[in-house]
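Naming follows writing order (A, B, C and D), and every chain is counted from residue 1.
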Amino acid sequence: MDAQLPSAATHDQPGEVDERWSTALTAIAPNSVMVRGYHLDELMGRLSFPDAVYLLLMGELPTRTIGRMLDAILVSVIDHGVTPPSTLAARNVAASGAPLKDAVAAGILGFGPYHGGDIESCMRFLDQGLSLIRGGWTWANAAQKLVDDWAHANTAPPPGFGHRLHTQDPRAPRLFQLAMELELEGEHVRMLRALERALNERHAHFGRLLPANVDGAIAAISADLGFSYELGNAIFLISRLPGLIAHAHEERMRQEPMRRIDPKDHVYDGSRERRLPEGRK
Amino acid sequence: MDAQLPSAATHDQPGEVDERWSTALTAIAPNSVMVRGYHLDELMGRLSFPDAVYLLLMGELPTRTIGRMLDAILVSVIDHGVTPPSTLAARNVAASGAPLKDAVAAGILGFGPYHGGDIESCMRFLDQGLSLIRGGWTWANAAQKLVDDWAHANTAPPPGFGHRLHTQDPRAPRLFQLAMELELEGEHVRMLRALERALNERHAHFGRLLPANVDGAIAAISADLGFSYELGNAIFLISRLPGLIAHAHEERMRQEPMRRIDPKDHVYDGSRERRLPEGRK
Amino acid sequence: MDAQLPSAATHDQPGEVDERWSTALTAIAPNSVMVRGYHLDELMGRLSFPDAVYLLLMGELPTRTIGRMLDAILVSVIDHGVTPPSTLAARNVAASGAPLKDAVAAGILGFGPYHGGDIESCMRFLDQGLSLIRGGWTWANAAQKLVDDWAHANTAPPPGFGHRLHTQDPRAPRLFQLAMELELEGEHVRMLRALERALNERHAHFGRLLPANVDGAIAAISADLGFSYELGNAIFLISRLPGLIAHAHEERMRQEPMRRIDPKDHVYDGSRERRLPEGRK
Amino acid sequence: MDAQLPSAATHDQPGEVDERWSTALTAIAPNSVMVRGYHLDELMGRLSFPDAVYLLLMGELPTRTIGRMLDAILVSVIDHGVTPPSTLAARNVAASGAPLKDAVAAGILGFGPYHGGDIESCMRFLDQGLSLIRGGWTWANAAQKLVDDWAHANTAPPPGFGHRLHTQDPRAPRLFQLAMELELEGEHVRMLRALERALNERHAHFGRLLPANVDGAIAAISADLGFSYELGNAIFLISRLPGLIAHAHEERMRQEPMRRIDPKDHVYDGSRERRLPEGRK
């Protein structure tokens, strides 16, 4: 077919190598959309959105347990109130009357190394430990070494541990519990646990206990599921997008344009505390 | 508690009204994150991500059927290959070596009125028809009037109908089928169907048949589920984000930095066509 | 030369029209960069940056007086302190540790209809008045009609008039003075003046006097210089970009990451009030 | 005055340190805008935009020669045609019908390490050399060492040298000429020159000569003017913004929405080559 031939001769940079470039994600043809080889209309109603996310990013269908784990991870950081910088960036943009997508894009830009990006840093930190293990260290010694080196250079906690607000981030133990129940714990979770213990022994240095936070749990579990650094961070983006949307939308619906948003000066006036109905447990 | 008192006296704009502002989305307290009144750690592993999205955006748990419908909608537009402007914006940013989130933010900015934003326009178009119905018009006459008015001013199709590539967008009928099976069809779907028939009769004007496309199906169904215009568009954002991520990631993994991306000059080299295994149907 | 031939045969959408597309901005060839026909290296050191901006956007060199006017406009809104939503979006993104350009992009997204975008709205408002003039109305009657119509529908001021902080925005009269001295006042400035007078007479309706603000002055003057609506807004972007950069940079240099930024709770600790040295006047 | 008192008691995070935060950029008060201590209305018409940029970013008025140098630098990279990834990101976003500022923000996100960000990398590279000088190395030996180390690890040229299109980037020599005429050359320019010579001797390794490009010239000169790494990059942003605007605007004015933009398949149809009129030289 003509379309498969290289087209070098027709371009305006003489001598440029111009072979067709390739994509392995989605094949589009008239009346057909195939994602990783599956017809999208076949997937709809049969594959859950988290399963489809896994398929698109990783190239294959997840197992049932991996699909359930990813689903829970996506729920775990769907929102964290008004104070993260990403949320405040989104709300400030919304306050100017800009469209929703602009507020959301600004929010995504507000995922920096200190927020969101922490997942990647934690994955790299865990891999440093695992490299020691492969070099023959014990888990305890490897963790001790990482924590010592970190503490030597920093008073701030290492990525994935501690939280500026929560002394025990409630989302992390729940993710670990699910990983255990679904039999998905691997070496990254084990390293995170070892680091947690080593940090406990150094809590005087950091001025407080530093249990793993939700970023640490997502980092360890998603590394065990085979996600790369970059895609580990991407999971956070997918999960938090609805949160950014909800805040930008609420800003526009409930607040005056151009107000100056004080992140500290707010109250919660939403639904009272409630429990899932029996049928949803 | 002190924290509940207005803090007007301490701010630097004399005379400014300074009451606390309110948010109804998520309540954060030490060791507690509650979304719409539910503890996030209780939701994890029990509520699917699409259900949690619905809860966060709409304020209440969805019914089982609404949750399944939203799940299918989120799968329906998860990716559409390399050619949409949003995907190309994301790939071009990735080609500069910029971080993934920058590529993704640029992609989101590429959802303009002609792409993504079409969902909102279609919802508004359907509501124009429904307003005629409330004024006593028959469905056929209301649809006829809308199509006549549109055709008088435009040769391009109305929002939600036709597709530059697909003569029959395969995703739309599948969404309608699910809406019917889940007994979720409402007046917006009915209006879309009436418009489809009226457009058929005018196909000479537009030069081709204009069946509802996936944007039209999402617009009609999500309006029937109670989503506002702005949140209708937001569904598209949530669904497509993994697509933007996958393309930006693939660009970085497989291509040279700074290449000049020709959207037409590519081939698909991914998985061959395949079907869901029996257990997933 | 081969490169000039249409390349339709090599693309993958059969039947697609594939003519070369055109750009009139900048011609790039090996060892040559020409902007609007001028060699960039010839312009450097000979044309001021505002003159080059005009050349690039409008296609021709500005006259000396137009160049000076544009220069003053670009200075006029270079910064407005920490409270505009664009600045807060930029600072919040910077607080996450994200790169400078991410903070700046978020800031640009924070130019919505209520902020920055006001220049376009005011240009459109002025043109409504000018259209009445062309229909034979007197300046006073046209202005009266616009103000009456506006006041009928709104209690907020029309675009380009009044300021939430300044009762007399000091930047507007200075721009008008320069436009007068440079003999660049045209019908848009005249219309703005007529509207200012008509608004004075209605000040009871709005609860205060509404002199033209800097957005109004930029709108009227840049319309008189021949800028389109979209490019009128763009002038604001070019001018404010250094402000966004300065705030993002200051945030990173002087503040802790992840702080929650209260826009009201700040003090200025920069240089004391000072005057330009004699030689710069 | 009450407004100067700390407001710790009124905020909702008990025990949080809550002192007022400071900014040294711009002081806003009713009817007064002061940038770095100067009334903005006094600056307008008296200080050029590049001088105002310098004042805002660096805190003091530039000398006449520094102001002229910065002006020329801002002109030097105002546009580089349709092919840079930033420009293509902006055009693709514009093609979706999104507003101009969205296209521009996407363009800014497309300044990655390989494009725009090169200025910072080059500044850091030069500083590595200067640190050898301070350690007693000769200029030639320091340059030799940097080039050897670089060549050992890379076949791509070091930041600031060579250009994918220009064998001799015409903008670099013009900037160096101006820096010499204005007597602003400093140690960074000297180091860049030494590196250029050392690279010449290694041209076989890189397969071509690698004279300094415009990024290298901006990096060296702006470092000599005292700009930090981050602000060196920012100069590029300020300069290129009008280019992004011009391309987004042209895309919308001249092209069909939703077209698929092939960066290679274009022609220039703008003004013929021309020279500055006598009076502008």
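Brief remarks follow.
Following the convention adopted for this analysis, a residue touches a chain if its C-beta (ideal position, glycine included) is under 8 Å from a C-beta of that chain, and two chains touch if they have at least 3 such contacts.
Nothing here was measured: the structure is a model prediction, and the numbers come from that model.
The chain with its CA mean position farthest from that of chain B is D. Counting every residue number used by either copy at the chain C-chain D contact, over half are found in both chains. Our note on geometry: chain A versus chain C, Cα centroid distance of 38 Å, whole angstroms. Between the CA-based centres of chain C and chain D the separation comes to 21 Å, rounded to the whole angstrom.
Each chain gets a centre from the mean of its Cα atoms; for chain A and chain D, those two points are 32 Å apart.
Residues of chain A in contact with two or more other chains: 7, 10-12, 18, 83, 99, 101-102, 105-106, 109, 111, 116, 261-262, 264-266.
Taken together, the chain B residues at the contact with chain A in this complex read 4, 7, 18, 20-28, 30-50, 52-53, 56-57, 59, 61, 68, 71-72, 74-76, 78-83, 100-102, 104-106, 108-109, 111, 116, 165-171, 173-175, 178, 230-231, 233-234, 237-239, 241-243, 245-247, 249-250, 252, 254-255, 259, 261-262, 265-277, 280-281. Those residues of chain D whose C-beta lies close enough to touch chain B in the complex are 2-3, 5-7, 9-12, 14, 83, 85-86, 88-89, 92-93, 95-99, 102-103, 105-106, 109-117, 164, 257-258, 260-265.
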